[in-house]
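Per-chain numbering from 1; labels A, B and C assigned in written order.
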Amino acid sequence: MTHVLDPNALDGAGSQDTAPGTPPEPFADVTRSGDAFRAFLHGLPGVDQVGAEIRAKVLGTRSIKTTAKAWAIDTAISMVDLTTLEGADTPGKVRSLAAKARRPDPEDLTCPSVAAVCVYGDLADVAKRALEGTDVRVAAVATAFPSGRASRAVKLADVRDAVANGADEIDMVIDRGAFLAGRYLDVFDEIVAVKEACGPAHLKVILETGELVTYDNVRRASWLAMLAGGDFIKTSTGKISPASTLPVCLVMLEAVRDFRAATGRQVGLKPAGGIRTTKDAIKHLVLVNETAGADWLSPDWFRLGASSLLNDLLLQRQKLRTGHYSGPDHVSVD
Amino acid sequence: MTSLFEYAPAPESRSIVDVRPSYGLFVDGEFTDGTGSTMKTVNPATEEVLSEVAVGSGEDVDRAVRAARRAFTRVWGPMRPADRGKYLFRIARLLQERAREFAVLESLDNGKPIRESRDFDVPQAAAHFFHHAGWADKLDHAGLGPAPRPLGVAGQVIPWNFPMLMLAWKIAPALATGNTVVLKPAETTPLTALLFAEVCQQADLPPGVVNIVTGAGDTGRSLVAHPDVDKVAFTGSTEVGREIARSVAGTQKRLTLELGGKAANIVFDDAPIDQAVEGIVRGIFFNQGHVCCAGSRLLVQESVHDEVLASLQRRIGTLRIGDPLDKNTDIGAINSAEQLVRIRELSEIGEAEGAQRWQPECTLPDRGYWFPPTVFTDVSAAHRIARDEVFGPVLSVLTFRTPDEAVAKANNTTYGLSAGVWTEKGSRILAITDRLRAGVVWANTFNEFDPTSPFGGYKQSGYGREGGRQGLAAYLQGDH
Amino acid sequence: MSDRLAVRKTYKLYLGGAFPRSESGRTYEVTDARGHFLANAARASRKDARDAVVAARGAFAMWSGATAYNRGQVLYRVAEVMEGRAAQFAEEVAAGEGLSAGKARASVDAAIDRWVWYAGWTDKLAGVLGSSNPVAGPYFGFSVPEPTGVVAVLAPQRSSLLGLVSVVAPVLAAGNTAVVVSSLERPLPAITLGEVLATSDVPGGVANLLTGDAAELAPWLAEHADVDGIDLAGAPTPLAMELERSAAGTIKRVLRTPAEEPDWTADPGLSRMRPFLETKSVWHPIGV
C-alpha cells in the first residue's frame, strides 16, 4: 500500500485560529514573559536518560517480518524526505534526486514515491520544476542552515527566498545558543516570525538535538517549537554528530503525543541524519506506532530525513518481492 | 483503535529444543529412573503436554543426598578452590553457548515471553555463574574471616517463576563456596533444570556435586527434612517458607528464605512521568507479574494521579499478549491453571470489595492459561488486593499526599522485599529509600537485577541474601 | 564497723525508660549461689512483655534513624556509667554466680570492655558489611546493612552480666531495639544495667529489661507478630525448638540456642550482629 499526501492535512495543521505568536489553549499565557515561559518549560516532567534509552532499545528488538515488513518498507519509502544538502549541489544533482523521488524504483511501478525532496533554498525552484505534476513536495532548509548564526533579518530573508523559489516546506533551525542560554522567549519569537514568513509553506523546526545534549532539553525545545506554531519538529540538521537517535525520537514522540492530548493540535515529527538502513527505518516506525500511535504513521505526520536510506529500503523491497538478495547495481546511484 | 501497523507473527523456532518424552532424575551424575510416580509438565500457553517427569520419592531424595554427601566429602570439598571456580566458568560458558535452547525451553515450560527468557532469564543465569565462579578462590576476602568453610550438602527448593535463573541463584553460590547440591525444581517447570543437568555433564562436573530431583511438595518436604542436609535454601511463597522454617527448627541446618512480596512503587509528582509509567509496567507486568518483588501496589501522589493513570492505561493498551514464543510478545501465559484460579479469585474479591477493575481491550488465546493486564483503582489499604500477594498481572493503585504518608503506606505490609520510588529530587530519593523497609529499593527504575547486588527480603519476605559478597554468607561458616 | 542500717534496693523492671513493677504484681525471691536471700525481683508477665514490645517498637525509628556516630557515643556513655557502678555489678555477679570477688570483678571488667567494643562498631558496620555493587548496567548500586527491628533477647542463664552484655550490646549496636528477658536465677545485674541505661543517654524503650522466667515469657515473644527477631541464647533447652517453631510463624530471624552456654570471653566477631541486620540494596540510574 502507498500513501498519497493529503494537502489539506498539512494546511489544516498549519493554520492557527489565534493570532500568530499566541500558543494554543490551554497554554496561551505561558509565553507572557520570559520567566513564565521558563517556569513552564522547566515544569515539564523530566526525562530519565537511562529509562528512555532502555525503552527505545526494547522497542528496537521488535521483530517485523513478512507482511508487516512489506508494509513498513513501503510506508518508510513514502515518508522519506530525500535529501541533498551539500555545498557541491548543482541543478543537475537536484534533478537527478527529483527523478529518484518520484519513481524510486524504475523497474517497479508499485513502488511509492517519497514524501519530499529536501534541498537548499536556492535550488528549490529546480526541484519544484522537476517534480511538477507529482505529489512529491519540495522542502528547503533555511534560516542560515545549519548553524542558524545570522541576524533574524537574514534568516527571514532566507525563508522568504526559499518560499518564493517554490518550497512547500521550510526546515528551519532554532537558535541553540539562545536556547542553551535560557533565552527561550527569543527562540520562540524567532520561530513565530519564521512561521509568518513561511506563508502557506509549512514549517519544520529543527532542534539540533545533538547540541541540546540532554533529553530534558529535547523535551523543552519540542514543546517550545510546538507552542510557537511549528507544523513539524525535526531532530537534526544532519551536520552535527550525534544526529537523530531512537531515544531522542522517543522523547519527541512523547512530546507530540502529549501536545495533541493537551491542545488538540497534531504536530509531525521528522528524525533526520543517521538513519541508513531498513532496520533503522523500521525501528522508527515501531517507535512511532507504540509511542505516539498509529495516527502518526503517515507521511503527513512522520518523515525520515535521509539520503542513503532510500536505496537500502529499495534493496530490501526487491528481496521481499523476488525472494533473493539484490545488489547495489540494482538501485540507482544519484 | 486498531493499528495500521499489524506486526506479523514472529515466532522463535522451537526446533532448537529437543524435549524428550520423559525424564528421570539427575543423581550422582547420571539420569536415573525415580522410584516414585511421574507427572506431566505442560506448556501453559497451549496446555500441550511437553514431557513426563519423575516425582522424586523420599528414597530418591535420600539417594541424591547421599550422592551429594559423597561428592562433598571426597571430591568437591577437598578440591582446589580455583578448580571449583573453573568448573563454574565452564558452566557459565556452556549456558551462553546454549542460551537460545534454554530460552526456548523456558518459554515453553513456563509461558514467559521469549523476549524475556532470551534477554533476561538466561543471560542473568549465566552471569550468576560467572560472578560466583570468580569467588571460588577468593573466599578469604568475603568478610567471614580467614578460610571460611562450606556447610556441606545444600537442599534447595526453587519456584516456577524464573526456573533457570532461580536455579542459578541457588547453585552458583553453593558450588562456589564448596558445597554440593540437591535441587528440587518447581512442579510445573522442571525442564530447564533437567537441561542444566546435561550442561553439568558437558562440563564434566564430578558426579554428585549437582543433583536434580524433580517432584512436587512432598519431594521438597523430604529434601528439607533430610537429616543429612546441612543447608536449606528456599524461594517461594511465605506460607511454604513458614512450613520450612518450622521443619528445620531444632536442627543445626542453616536456612535462607526468599519469600513473597507486595511492593509499593511510589510515584511523586515531580517524577519523570514517562519513565515512571514504564517502570510501573515493568514492575507489575514483567513475567506476567509472577515476580516476588513485583511492584504490585502503585502509590501515586494525588496531584498527578489522573495524569499517571491515563498515561499508564494508554501504555498498557500497547502491550502485546499471546504466544510466548513470538518475539514481539510482551505478556505470556499464566504458569498454571492453579495460579490462574488464584488470580481470578483475588481479582473478583477486589471488585466485590469495591475497587474498580480496568483491563485493556485484548483478545486472549482460546487455549492455555491467560489473564489480561489488570489495574484496580479506588483501592484502599484495607482491600485484600492491596495486602495479598496476587502473583499475577494485577496492579492496585492507591494515592498519597505527603512523603510521610507514602512511606507509611508503603511499609504497611507484612512483606518487605522491594520498593520503588520515582522523583527527580535526589535528596528525597535518599530520604524515602532510607525509610522504606525493603531489601531492594529501585529509585527511578524497577526490576533490575545483577549478581553483584544482594537480593532478599525484610520482614516476612524472608531472610538471607542472594548475590554479591553478602550472599556468600548463606553457604559458609566462619567468623560471622 | 558501722551500725548504720543499710537501705536496700528494690529491683523492678526496666520498661520504656521507666522502672515499673510487673503489672501482675508478682515478685519472686532471688537468692545468692548459696541460697541466701538477696532480693525480691519483679516476675514479669506476658502483658509486661507485650508492653515492652510496644515500647521497643516506639523507640525503633529514633534509634535506628540516629546517626551511627551518635549511637556509638550513647553506647560508649553506657560503658562509662557501668565503670562507675563496677563495684555494685561485681557484688551482684559474685553473689549470683558464686564467684570470688576477684573473678567477679574480672567478669565485670570484661563486660564493660565488651560494651565498649560494641559501641565502637556502630559506624563500622556499613563499611564492613555494605558494598558498592558494580552492576552490569548504567546504575549506581549500593547495599547497606540496616537493623532488623525489634529483637527479643533471652539472656544467658549463667553469665549474668558478661553474658547479658554479650547479647544485648550487639543488638543495640546494630541499631535494633530490644526486649530482654534476664537470667531467671541471676536477674540483679540486668536491673542494675537498666539503671545504667536510664542514666546514660539511651532513649527510653530502646532496651527493655524484664526479670522473670524465660519459659513463661519467651513463647509470647516468639509468637508476637511485632517482634522481628529473637536471640534464644538463654532459652531453656527443652523450649528452644518450640520457640524456633513459633518464631517461624512470622519469619523471625532466629539466633539459635547453643548446645551449652558458650565461653562469653571469646571474641564474638560479628556473629551476634549479623543475624539482626538486614541488607538493603539500592539502585539508581546514572544519566544526565
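The rule is short, and it goes like this: a residue touches a chain if its C-beta (ideal position, glycine included) is under 8 Å from a C-beta of that chain, and two chains touch if they have at least 3 such contacts.
Bear in mind that the values here come from a model prediction, so they are computed numbers and not experimental data.
Trainee: Consider the two chain pairs A-C and B-C; indicate the one with the greater count of contacting C-beta pairs.
Mentor: Higher contact count goes to B-C.
Trainee: Give me the ID of the chain with the smallest distance between its Cα centroid and the all-protein Cα centroid.
Mentor: Taking the mean of C-alpha atoms per chain, the most central one is B.
Trainee: Whole-Å distance, chain A centre to chain B centre, using C-alpha means?
Mentor: The mean C-alpha positions of chain A and chain B differ by 44 Å.
Trainee: Could you give the separation in Å between the centres of chain B and chain C, each centre being the mean of its C-alpha atoms?
Mentor: 36
Trainee: Starting from the mean Cα coordinates of chain A and chain C, work out the distance between those two points in Å.
Mentor: 70
Trainee: Give the residues of chain A touching no fewer than two other chains, as numbers and ranges.
Mentor: In chain A, the residues touching two or more other chains are 48, 50-51.
Trainee: Which residue numbers or ranges of chain B touch two or more of the other chains?
Mentor: If we look for residues of chain B contacting two or more partner chains, we find 444-445.
Trainee: If a residue has to touch 2 or more other chains to count, which residues of chain C qualify?
Mentor: 139, 285
Trainee: Enumerate the contact residues on chain A facing chain B in the complex.
Mentor: Residues 45-48, 50-52, 54-55, 58, 61-69, 71-72, 75, 254, 285-286, 289-290, 293-294, 297.
Trainee: Given the complex with chain A, which residues does chain B contribute to the contact?
Mentor: Residue list for chain B touching chain A: 1-10, 115, 119, 270-275, 278-279, 318, 327-328, 424, 444-445.
Trainee: Show which residues of chain C lie in contact with chain B when the two form their complex.
Mentor: 65, 128-129, 131, 133-137, 139, 141, 143, 148-149, 228, 240-242, 244-245, 247-251, 253, 256, 269-271, 274, 278-285
Trainee: Once bound in the complex, which stretches of chain B touch chain C?
Mentor: 127, 143, 145, 238, 241-243, 245-246, 249-250, 252, 257, 259, 414, 429, 433-434, 437-445, 448, 450, 452-456, 458-463, 465, 468-470, 473, 479-480
Trainee: Residues of chain A touching chain C in their complex?
Mentor: Residues 48-51, 53, 213-214.
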